[in-house]
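One chain, chain A, appears in both complexes that follow, with chain B as partner in the first and chain C in the second.
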Partner chain A sequence: MAMPGILQQLRDVMSPPSTKQAILGLFQDAESAATAGDGLKEAGIPETDYDFLTDSPYPEGSLGEREEKHRLYLYPFIGALLGLSSGIMITAMTQVAYPLMTGGKPILSLPPMAIVCYEGTMLGAILFTVIGIVFESRLPKFQLGIYDERITQGFLGLRVKAEPEQRYEVTQIMNSAGAVDVKTEQ
Partner chain B sequence: MASETQAHHGDQSHSEHGHFGPEMWVIPEASVLVAEVNEKQRMTPGIWRVIFIAGGVLTVLGIVGFVLKALSDGFSDHQAWGFYIAAFAFVFTLTASAPLAACAFRFTKSHWRRPLSRIAEIFSLVSLVNILLFIPALIVLPDIGVMHESGEQLVRRSIWFQELTNPSGWLMAGMIGLSLCSVAILWVAAMPDMAQSRHHVSGFRATLYGKLAGCWYGTKRQWQVQKGGLAILGALYFMMVVFVQFLIVSDFAMAMIPGWKDSILPPFYTVISFQGGLATILLVAYVMRRWGGYRELIGQAPFWAASKVLLGLTLLHTYHLFAFFITYWYGRLEVEQAILNYLMFDSYLGIFWAQLFFTFFIPFPILVSNHARREGWGAPLAAVFIIIGLMLWHIRIFAAAFAAAPAVEGGLYYLPSDAFSFPALLLPPPEATFPGIADIFMILGGVGIVMLVFRIGMMMLPPLSLWEMKEGSMYQRVDTLIRGRYLVLGKPE
Partner chain C sequence: MQEGKVLPAAQINRDLLRSILETPQWFWPVVSLLGAIVLAAAITIGIMINTGLGITGLNYKVVWGFFITNFVFWIGISHAGVMLSAILRLAKAEWRRPATRAAEVLTIFSLMTAMIMPIIHTGRPWRILYWAFPYDFARGIWPNIRTPLVWDPSAILTYLTSSTLFVIIALVPDFAVLRDRTTGWPKLVYTLLAMGWEGNPRQWKLQIIAGVLLSALILPVFVSVHSIVSWDFGMAVAIKSWHSTVFAPYFVVGAVHSGVSAVVFAMILLRWAYGWQDYIRHEHIDALGRLLIVVATGWFYFLVMEIIFGIYGLEGDELAVRALQFLPGDYGVAYNVWMIVFVGITYFLPVILWLPKAWRRNLWIMSAACISVNVGMWLERYLLFVPGQANKQFQTFTWNDYLPQWPEALIVGATFAFVSMLMLLFSRVFPLVPLYDIKEGDILRTEIQVGRRTVPATFRED
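Right, the complex of A and B next:
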């Protein structure tokens, strides 16, 4: 199912506000950030509760981060199927409703239908891919959360969602790993 | 090996004995890249003003030409609009395939593509203009089913079976789908850069970036989805652009001349479009590097590498041209001989040879020359000739097709009915059609609108793909090996 991306977003919106606070550690180099990530893992912070924020895509697993799974690849298939069905319906129904014999070919002949069906398939796939990117990236949020501009200069951010009682421990882990700054969401 | 990381501006890539010079590889300093590019974007060297003003003036000329043409000929006589169709198809050819270059070289993980990616993607904005330019083209496209003066219902041969009217709905849907896909590619590719740049800009751009970048933080998941999204959209774009090119060359060229059936023309048009798109990107990149203030961020390597691809496409173009010729020449059917005479050896002989010189005989030796390729100016110089040659190609194919198409007045073809299967119109070959002042204005307007929209795009969006260049700087080093200094590339995947 491609829907979990959307459902997850809806669940996030509908669920009661979490007591967890966002803490952002800022690191000058990838090694320190990875060390902090290891520290959080050892402290029992669930892997789903922290994210590395980077200004460019780092190689897979280089920061020791969790493996992310997404279902983006399903969206174009769903869109293509819907588009293809629409194409078949439009062409078949048009030709049955307004029968026009062309070049002695059958009224319902596949080659000319293929052009419209292909177009419908492509349009559906493109549209659903765009929708998929929006939802699978978790883009629709109403306000930008905790962030630091220095991430745009090559610093790495480690954003952790922690319970209030874990805040001190998380800050300690980050500082000991070499964080240049630690911020807490107000 | 003495490693130099983040070798700024590639000065260390100089090799006394090596095969590349000091400006071949440019490895930008990642930490200042966002600020540096935003600063360069604010500065407007003279060349950008010239491009903006020239683009604006040519666009106005194009609009004037269009209005003159509409007032003098109306929209019912499609023969009068051949040069408009040629101008539209020319703009479409150059710009529709450009975003594909970014996708294709990203697929192949070519490091040299990084400075070219955003240039290619910004052409997506021209695709929105293509939709507007397409509307008059659809209006002048004659209906498929026409009542002959004898009272007989005739069907013009085309790829559409279930239509009697102008197939504008399907054509427009294809064009909109293509534009949607290209704009989506631009948005997804530029999102991380807009998110980073919003902290460095103010005013309109800050608002624009804030809206378009949404809640992009650069999390692992977001990078993965972005990467996957670009791959899927790139594949869909390829499938879509080839399809729309097929529609355009079939409906606006082949189907216009009764009896013209050619399976080589659609792939030929696609190859031409790839060649034109890459040539346009290289020309723009050269202008940015040479006069636009981006010399420190765009090295010679992209030109060096891309010129080989351009050489391949130039050879493919010539191969398809020969295949187009030889099939008809050997076929020797009357219709085939008539089409060859009309498009190549009689009416359009001069334009045919001029086009051949511009698309092959001049660029080929330039692109073959190692020196010209390595120095960075070879590919852009060849690109200029290729673009001129492609303009002539479009006149020879599209304007010629519209000029020779059966005249329709009041919904009636004033022709014998066998004209629909036999090249009565081309025997003897009609005279070549020449552009009037309005036609020349419209062709210039086509060039102008591309320049104008691209320049506006460069002002609105980060003109270089910041995240890709930063990623590249992570994987590229200039190192010493024995006595030479060489580029070392990391391949994480």
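Right, the complex of A and C next:
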């Protein structure tokens, strides 16, 4: 069977197989988690290879995490444009399709068109914002990976992707920062 | 402000998920009772559709009675969600945290209930599709977009869709908490709903931006919805007392008045039912009480303006309607007495009850004040819509009045049971107080020393 081989090669080219292992450290307070994050940075672990997992939002930068870039602000504009266009199309086309002649006034009655177009614009903007939030949050995520249910009980998780030879060092950094538990992906 | 204590996350989960993980003994009997009322109303609607609107008190002059009054009332209640959630979120008011979800959910269920009213009021509900949906179902006739019959669905459906998405997006982090706290098929359902949420900084950042961005986008929709609902009346040139330019802001402020009062009452009920004393605190009810004084006074201003605008033109027809509303007469229905009752229980009584701090912190008094506002606001809509149609003007042969019959009373009463039942069922499967919002509030809280006093403070991010 040639196809699976080709598909495998294609997949390898698209995303080369990673040898990195996920390690999850659990911390009781933000200070310990931030200290572990600093330790990882000093050990040369790239910022993109570790993430903090929390059960509520912390002020930006309080854990020393990387700055996240996103394009969410584009989505409402695209949605609003599409919504407005749909609104204009629906209102104009229905009036043209069944013209109601009223005292010599224009067939296209602008004030009511404005109302429906306004709602269409807002609906489009809101729908696209929600789509944007989901996609920019990298959701849906079908595999959770290494995780601990204690995170939603107030513990802070620090998940690191590290090469096998770095595993011991990462575990040490976490333990010395005060991790209450360190787990490795099997 | 900030009277509560900082609680551990595990306790917040335990307390706020109690309504989901444990079923109180009263829950199913209460839901069954409410369900029975809703079922009775559904049967009545069936009879009404089969027999015709003749079994109601509606007649050839007064065509908009209890159903449309109830429609506007529930649209008004739905405005609480955005008022509390969006405006307070944008204003970064700390005390919004326990109230937002309940307010947003009340918005959704109120809108759903409101939409039922005009649909059943048509007598032949299936025809709504022909009138409102942009498609030529028959004989190449397309909906007439110049009528509020098309504007209303477009505004309400936009608001309903937006509010629902707003609630769902804010629920995702809480779904993850439920995913981690449940087993069996509920866990499977919550896992699917959580969409793989793990709570990394990127997801939280977008969640926070989502709250602000969606608030900013829904606010204009919120204003437009009740404005458009008011134009159902304001655009009717033929009916005196309806054709008023002040209707849009008057309706919006009135909606906020009744909606926020409804949320306060719902919060007091939830606090009592689920023992959420640590989350829905006296300080929150107090703050909402103060807000309500301002909203109520704004509403009162528009009420007075609406009456003045009506009388100022000195048009005979308009004055006839105003006389019917305000002056005693042998008309059968004493609208003037109802007017006094309505203004008293919508403005003067509640505002007097909200003025002293001690009364704002008394949950019994606050409940009474909020119920009073909502009874009054229901009456307000009735007294605004019906006298104008009663047509006590020009030729006496066109005079008529309206006396609601049992189907209308039952259906209108059942809408309250319907919304209560939906709120209870929601609280059984989803948290009605946002867990992460409460936890975030606790993270940002601190105390600072000012001179010889230690005062509570809150960190804020910009």
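By our rule, the second predicted complex is superposed on the first by the 165 of 186 C-alpha atoms of A that agree within 3 Å, B and C clash if a C-alpha of one lies under 4 Å from a C-alpha of the other, contacts with A are read in each partner's own complex, and residues count from 1 in each chain.
Going forward, a residue touches a chain if its C-beta (ideal position, glycine included) is under 8 Å from a C-beta of that chain, and two chains touch if they have at least 3 such contacts.
Please read these numbers as outputs of a predicted model, since none were measured by experiment.
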Legend entry - chain B versus chain C as contact partner of A:A97, first or second or both or neither: second
Inset, instruction - Give one of first, second, both or neither to describe whether A:L72 is in contact with chain B, with chain C, with both, or with none. - result: both
Inset, instruction - Answer with first, second, both or neither: which of chain B and chain C does A:G39 touch in the superposed model? - result: neither
Inset, instruction - Using the touch definition from the top, say if A:G25 reaches chain B (first), chain C (second), both or neither. - result: neither
Legend entry - Residues of chain A contacting chain B in one complex and chain C in the other: 51-60, 65-66, 68, 70, 72-73, 76, 91, 94-95, 98, 100, 109, 112-113, 115-116, 118-119, 122-123, 125-127, 129-130, 133, 136-141, 143-145, 147, 149, 151-154, 157
Legend entry - chain C-facing residues of chain A, complex: 51-60, 63, 65-66, 68, 70, 72-73, 76, 90-91, 94-95, 97-98, 100, 109, 112-113, 115-116, 118-120, 122-123, 125-127, 129-130, 133-134, 136-145, 147, 149, 151-154, 157
Legend entry - Residues on chain B engaged by chain A in the complex (per definition of touch): 30-32, 34-35, 155, 159-162, 164, 170, 173-174, 177, 180-181, 184, 188, 192, 196-197, 199-200, 214-229, 232-233, 236, 239-240, 243, 466-468, 470-471, 474, 492-493
Legend entry - Residues of chain A touching chain B in the complex: 51-60, 62, 65-66, 68, 70, 72-73, 76, 91, 94-95, 98, 100, 102-103, 105, 109, 111-113, 115-116, 118-119, 122-123, 125-127, 129-130, 132-133, 136-141, 143-145, 147, 149, 151-154, 157, 159
Inset, instruction - Using the touch definition up top, name the residues of chain C that touch chain A in the complex. - result: 8-10, 13, 134, 136, 140-147, 150-151, 154-155, 157-158, 161-162, 165, 168-169, 172-173, 176-177, 180-181, 195-210, 213-214, 217-218, 220-221, 224, 228, 435-437, 439-440, 443-444, 459, 461
